[in-house]
Amino acid sequence: MTIITGKEYVQSLRKRKMKLYLFGEKVDDPVNHPIIRPSINSVAVTYDLAHDPKNEDLATAVSHLTKEKINRFNHIHQTTQDLVKKVKLLRLLGQKTGACFQRCVGMDSLNALSITTYELDQKLGTEYYRRFVDFLKHVQHNDLMCCGAMTDPKGNRSLRPSQQADPDLYLRIVEQNEDGIIVAGSKVHQTGAVNSHEVIAMPTRTMRKEDRDYAVSFAIPSDTDGLLYIYGRQSCDLRKTETGKMDLGNIRYGGQEAMIIFEDIFVPWERVFMAGEYEFSWPLVSMFSAYHRQSYGGCKAGVGDVLIGAASTIAEYNGVETSAHIRDKIVEMNHLNETIYSCGIACSSEGATTPSGTCLVNTLLSNICKHNVTRFPFEIARLASDIAGGLMVTLPSEKDFKNPEAGKYMEKYLKGNEETPTENRLRMLRLIENLVMGLGAVGYQVESMHGAGSPQAQRIMIEREVDIKQKQKFAKNLAGIKNDK
Amino acid sequence: MTIITGKEYVQSLRKRKMKLYLFGEKVDDPVNHPIIRPSINSVAVTYDLAHDPKNEDLATAVSHLTKEKINRFNHIHQTTQDLVKKVKLLRLLGQKTGACFQRCVGMDSLNALSITTYELDQKLGTEYYRRFVDFLKHVQHNDLMCCGAMTDPKGNRSLRPSQQADPDLYLRIVEQNEDGIIVAGSKVHQTGAVNSHEVIAMPTRTMRKEDRDYAVSFAIPSDTDGLLYIYGRQSCDLRKTETGKMDLGNIRYGGQEAMIIFEDIFVPWERVFMAGEYEFSWPLVSMFSAYHRQSYGGCKAGVGDVLIGAASTIAEYNGVETSAHIRDKIVEMNHLNETIYSCGIACSSEGATTPSGTCLVNTLLSNICKHNVTRFPFEIARLASDIAGGLMVTLPSEKDFKNPEAGKYMEKYLKGNEETPTENRLRMLRLIENLVMGLGAVGYQVESMHGAGSPQAQRIMIEREVDIKQKQKFAKNLAGIKNDK
Amino acid sequence: MTIITGKEYVQSLRKRKMKLYLFGEKVDDPVNHPIIRPSINSVAVTYDLAHDPKNEDLATAVSHLTKEKINRFNHIHQTTQDLVKKVKLLRLLGQKTGACFQRCVGMDSLNALSITTYELDQKLGTEYYRRFVDFLKHVQHNDLMCCGAMTDPKGNRSLRPSQQADPDLYLRIVEQNEDGIIVAGSKVHQTGAVNSHEVIAMPTRTMRKEDRDYAVSFAIPSDTDGLLYIYGRQSCDLRKTETGKMDLGNIRYGGQEAMIIFEDIFVPWERVFMAGEYEFSWPLVSMFSAYHRQSYGGCKAGVGDVLIGAASTIAEYNGVETSAHIRDKIVEMNHLNETIYSCGIACSSEGATTPSGTCLVNTLLSNICKHNVTRFPFEIARLASDIAGGLMVTLPSEKDFKNPEAGKYMEKYLKGNEETPTENRLRMLRLIENLVMGLGAVGYQVESMHGAGSPQAQRIMIEREVDIKQKQKFAKNLAGIKNDK
Amino acid sequence: MTIITGKEYVQSLRKRKMKLYLFGEKVDDPVNHPIIRPSINSVAVTYDLAHDPKNEDLATAVSHLTKEKINRFNHIHQTTQDLVKKVKLLRLLGQKTGACFQRCVGMDSLNALSITTYELDQKLGTEYYRRFVDFLKHVQHNDLMCCGAMTDPKGNRSLRPSQQADPDLYLRIVEQNEDGIIVAGSKVHQTGAVNSHEVIAMPTRTMRKEDRDYAVSFAIPSDTDGLLYIYGRQSCDLRKTETGKMDLGNIRYGGQEAMIIFEDIFVPWERVFMAGEYEFSWPLVSMFSAYHRQSYGGCKAGVGDVLIGAASTIAEYNGVETSAHIRDKIVEMNHLNETIYSCGIACSSEGATTPSGTCLVNTLLSNICKHNVTRFPFEIARLASDIAGGLMVTLPSEKDFKNPEAGKYMEKYLKGNEETPTENRLRMLRLIENLVMGLGAVGYQVESMHGAGSPQAQRIMIEREVDIKQKQKFAKNLAGIKNDK
């Protein structure tokens, strides 16, 4: 077992019994639903890649627990090389899917829990780490996909969890007994939730004593009774219901986000990793964020490669690929994209091993990485819009292209250079549209902004992590100031 | 007659018999088609505003030909005040529709032709200006909406019109006789084409002698036999076919672009404004562009106001409106938006009267204006994405919200501050989505990039219009350089 | 009299008896001091230009008080045309001096006082406006240069004037009697102070009741007993003491800032324009700021022209003027520079007449104007550094160039294209250095940042001046939100 | 021997007999010249650091030739860890000197020659590598400072070396005989040239067959007969001649650039590393550039730390350190600075070993690194100007501060918060001025722009190094395009 294929993964999804809403209706078979399937296809690539000999070194790892070969997405980083390989793996998957493949959240949750539960036990004598390791073995052995469930709905954002008018606006323990805990609440923006086997819940912010019921972490199967999913809609999602696939741009792959509702769900102690230890809420959040902010230095650079490739291709199709300003814009896109990647690499190679044995990224630099991701993909997309030309948004539909009369005219008048079939030009424009404002823009732009924390979250961390007093000393020394605090 | 209402305008559209394709099917009644109607609603506002006493000064003008009160969109600018009022009118309409109201193209075509046909006649002794004035009277008297048809398909962009493999890739005169001309070809990205009464064709670039058949301008009714339209699809267009309107964000208004095919169409001489005078192609193009680049300083600032208002509202709904970084981002959005507007005002108030009596914008400054529009709306949209939060792209559908079970949870968990109904929050997020990546983003972003010419077109004009030799003289004088060319 | 020449202006300066420190020594004859003279030369151009028939329309105006022709710098704006002409005049002077010509501060002070003293009298029945008009006639008749003294030292910026440990850190009334007031304190960053005939003091911020002694405005001759000036040093100022002038870059012109100390100075009531009416402090400050923020849309665009001309010239000297990336950078410099200018024009043409009859700029747009000035000159300078090449900062001195042996090698090896004398290339590099990091950078960059208020001051004003509630209404209307505050 | 101290280094300089011009005069004792000394002090820190036990790991290395401990600046990188340590060492030195310490150029020259001479020998059977290794042993053993002399004057930049009107505008072989070669020409912008023991000449660009005489590399002692230096002047250099040091800002350290003239200099074969093998010119240039572009990811981040520390200190002195916008600007400065550093780290950790055994940086990423350095220091400096306030450029001189009367007023009125001595505030402002527009700005800004190649040089390399065809394949695959080249 241990390493399954994409096909086996898809099969495994069919066995679950989920309660899922989409467009106001219950969905019994998510696997074959046209709105959902592309996101499943993306995840499947993370499984298939582990069987590709060329990429084995990136896509698999050796479990530090069992010494078995496992899918890297379920690996606990042992060295900075592991961290670097993660970034390279994510870039490759971004290139292959042009979409969010949804599997980093689980990986980053596992690694953050690996550190925090260890520290919890060290400090408080609890047994969270042992439970976590058992859970991890289960995940590694069955090659499961985990959904990392962190973001609460938050209600009025100027209030703490325990101050909200409705106490459920952050996920919380409503009861605790010998056998386990009962939790209620919701998690929103859950990437890949519907495509997961396990849901790993974690708190979303620093907690104080009065918020202790909200300091809760656990893992449950994704089809646990009482879990309800509502599927998030995306820009242009209805195009997936059309018979033709051309207007999708990215004809196979997509991303997924959903709300999860927890209706008084029982979690046995064996699956509980934090229950009230509020002072460990922030360490868990910040460690998860550090890993997840690193992730974006890989996957978004990979999707950036797709958009750069698309822009460069459309320039050729339009016959302007040698124009100085077009070449310059493609250089700029590459420059920004490689800057993102460089930051992903740097926070990895500058990582360090924690007492738990898990290797953690450099948290200052991973925040720098993500913060650039909140900016550069938008500029890359703007440049792609520039190069693509207005046709990207005035192009008639595939149905028109297939219509004998309208299609004849489109064929004739929408031709670019002489050698390229008109259809190729239309397809490439649709791919750019996908990433600039369509299905892919959700992941490439808005997720780049808010995933792993909004820009302001990184700014707060940068302020904290920088040693400003040391920098002041350098300055005072050079200016000849001695009599100063 | 002279000034009709929005209602009368919509009625007038029903009388036309157009050949129009949309999603591979012929559309007989565009007025009631759910995909098309929002764009008609936007145009209707330009008619209704002329009847609003509060805005009469902006929305109407006195015809210099007939001294009758007319809709300003059919007015020939007589003073710089007219130019300034145009910008203010466009901003107001942007605020009221949050969309492209499609009527500036016609206005800008009329004004550009007013100057060029006059100059043509002065230089060549032709009678184009007289013909144009007759046409203009017809337009003013019947308060017609004109589509300005400039952009040709262009094929391989590195080749001139007469060098293309397919000679039809630019609209051209295929025959010329006593009664008129016969034209064939296509125009693409035609804003508001399907909502127009008249189509005014103009060449799209500088022409040389060998391209003289392509130097052609004329006006014909939009339902002329032989004209065929293919409707451009937009991001999220299918949401317009859903029963609920909430997920549209902008529940009433939208924009429109279409391809027009000219199948060997006869145009009588009375409606021909240029036919082979290739050396006047560039002046017409550059004058139209100058006017149209000014337009964006108005309408996009107006749409920007909507997005700023939406971002500021969602900040309140989220309970973060007093946060320093949120306030700072809204200031930045306003700063960029008012910079666009300032450039629109400046190129207007610095306009000058041409020999034809028509007042022309300052062409350097109108290029500056548009060039900022190719940048700032993208940054305003990025900041709006930041303020909105990730929910903008993970929000389930209106159908889920209306479902008793899923809706109950959405109502509970997607509530922001205590006083705001959840529905309001969802509606506001959808409006932001509309402008950031949905239906409105087509106009607010990609049209800002490419409408009235792509960024590089402005850069070329800026280089031409600036007196660099004079600036060199200033520098040499200050540096004490005398012996220099 | 009324309009004097530059020469007469310089003569008039000699008659004053100032107490002035520079480099730790008293300066008796500022006019001939090599450090000071270039700044006097700049002011002189503002006088000479009024005698240049070609620029008479910009450089002079008709006094609304006496109907005499006066220098525009002492004019009270009567129309938006006056405001527009001011901007054009400043741009022209920036082009001619490549430096700060120091005369707008006085102009802007006079106009702001013209409005505020009128409003003071209307509301409080005082006679400040009458006194101000008498003073203004004196200024206009004798064509005086006025220094507008606003910025106080401020001490600890987190404290109000009356809270400071040292009560003198804002200029204040220390005594008040029948004949007038006695004031003490200091004003810093005083542009052109040493080159002025009159000093016009104004408060620098909003004042509360407890700060009323600090709400003071008056005018006194610049050589009043008890005034002491300390000259501000600038980057590269010592080059002015060298015999050769080449290394100055700008061989004739410069700017000036100084501290002014007020040592218990008596001001007769006839020259007092505010004395304790603290609620008028903010209106005066904000009106002055509005005018002064407009000014930068003219002068900095003019200096920008010089830098663009210099960059374009050095590109020719280096033989790279046709290179695509060089041309593109020069386009970008022009684009940014004309954006600044457009904002200057827009806030002028959108000005409005106040009850006093004085025409005021549009205050929102003048803040937008200045805010762009805190950004774009830095980018223009960065691009100039790029085009200039590293030689700008590695060039040996003029003394080396004049040395027979070293100079021979410099002549040979520092030659650019074949036709340009090496000396010209060196001179042009020095001019760019001047504006990028030398004497001129003080005015072109740091003054662009802080003059007329630091960036944050504009952001606060933009937030205040924008009607955000109206924008929210537009958004709510489009989203279909009705039941909202 | 092997590792000498700063003091010993300074001593060693006195033994040289150089021909050096500065301000038109010959300088016999550079070591004690006030203009030159600060740059020597900077280099001395690179020597002293090797004796600091705390930093031994960074500042020293083990020679791969002799296994002796050597100063890292003379080390040939054996692993990516060496590359990473180099970046960290440079950042530390930037923090300690706040200036250019001039020693990377030599280091980068040695490493580039180590690879290129090896490849030359492999391909052509020459013995350049053996000679180079002998030279390297000499350098390592005597702990010499090397100047890497690459940039030729270039004359008309649109012409190749052999096309120039004056054949000497690129350094070239004028004669070749049994014993060696005779070279003539010049190198400009030579960082640290006057402070070096050895000059390592290299060609500056790709060469063709007709340029073969210009494909020359060699090393000679810096006081070789026939070498002549002309010292480059810098912004504010004359302040170094004042008695007080306060106005320098950075009271001890500085940078240095000079022109070198080669007057028919004989170089024995033992010291020749390339002589006519024009096809190896570009590899040498590009490898040197790759290393040197990496360097900037260290040193400029270090100087950035100083400027950030200074800005943060002045904010405290002004009493505004808790203001939201000030904190936000400091976060932004840190974000940009750490992005530079991340790129420096990434191109190092992604380095690879060449056939010669020398470890080379990732050349794509080192170009990315440097390209960010051509942008971010300018924005960091702009933000520092913003935080510093206008006083930075209006501050009177130290001489005024020391004058009893003027100084008393400066002491009183230029005080910031109550606890900080006024002098400290003035010193800190001068340090910021130093880096923003003074002596330090030469290194922190213009050298950031042009050192190791101007921005366009990096853009050309980025275009070359990126695999755009692969990116196009990713895009085509996702868009479903199969029938395409």
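Note that the chains are named A, B, C and D in the order they appear, and that numbering of residues resets to 1 at the start of each chain.
The definition used in the following text is that a contact is a pair of C-beta atoms (placed from the backbone, for glycine too) under 8 Å apart; a residue touches a chain by one contact, two chains touch by 3 or more.
Values in this document were obtained by computation on a predicted structure and should not be read as measured data.
Between chain A and chain B, two chains of identical sequence, the interface residue sets overlap for the most part, with shared numbers making up over half of the total. The chain pair C-D and the chain pair A-C differ in C-beta contact count, and the higher one is C-D. Centre-to-centre separation of chain B and chain C, using mean CA positions: 40 Å. With centres taken as mean Cα positions, chain D sits 38 Å from chain C. One inter-chain figure worth recording: chain A and chain C are separated by 51 Å, centre to centre, where each centre is the mean of the chain's CA atoms. Within chain C, contacts with two or more other chains are made by residues 325, 328, 459. If you sketch which chains touch which, every chain touches every other chain without exception.
Only residues 84, 95-98, 245-246, 249-253, 305-310, 312-313, 327-328, 330-331, 334-335, 338-339, 341-343, 345-347, 349-350, 364-365, 368-369, 371-372, 419-421, 424, 427-428, 430-431, 459, 462-463, 466, 468, 470-481, 483-485 of chain B touch chain C when the two sit together in their complex.
Chain B meets chain D in the complex at residues 324-325, 328. Those residues of chain C that touch chain D in the complex are listed here as 21-25, 151, 153, 155-159, 165-166, 168-169, 186, 188-189, 228, 230-236, 238-239, 247, 257-259, 261, 318-320, 322-323, 325, 374-375, 378-379, 382, 385-386, 389-397, 399-400, 402-403, 405-406, 409-410, 412-418, 433, 436-438, 441-442, 445-447, 449-451, 454-456, 459.
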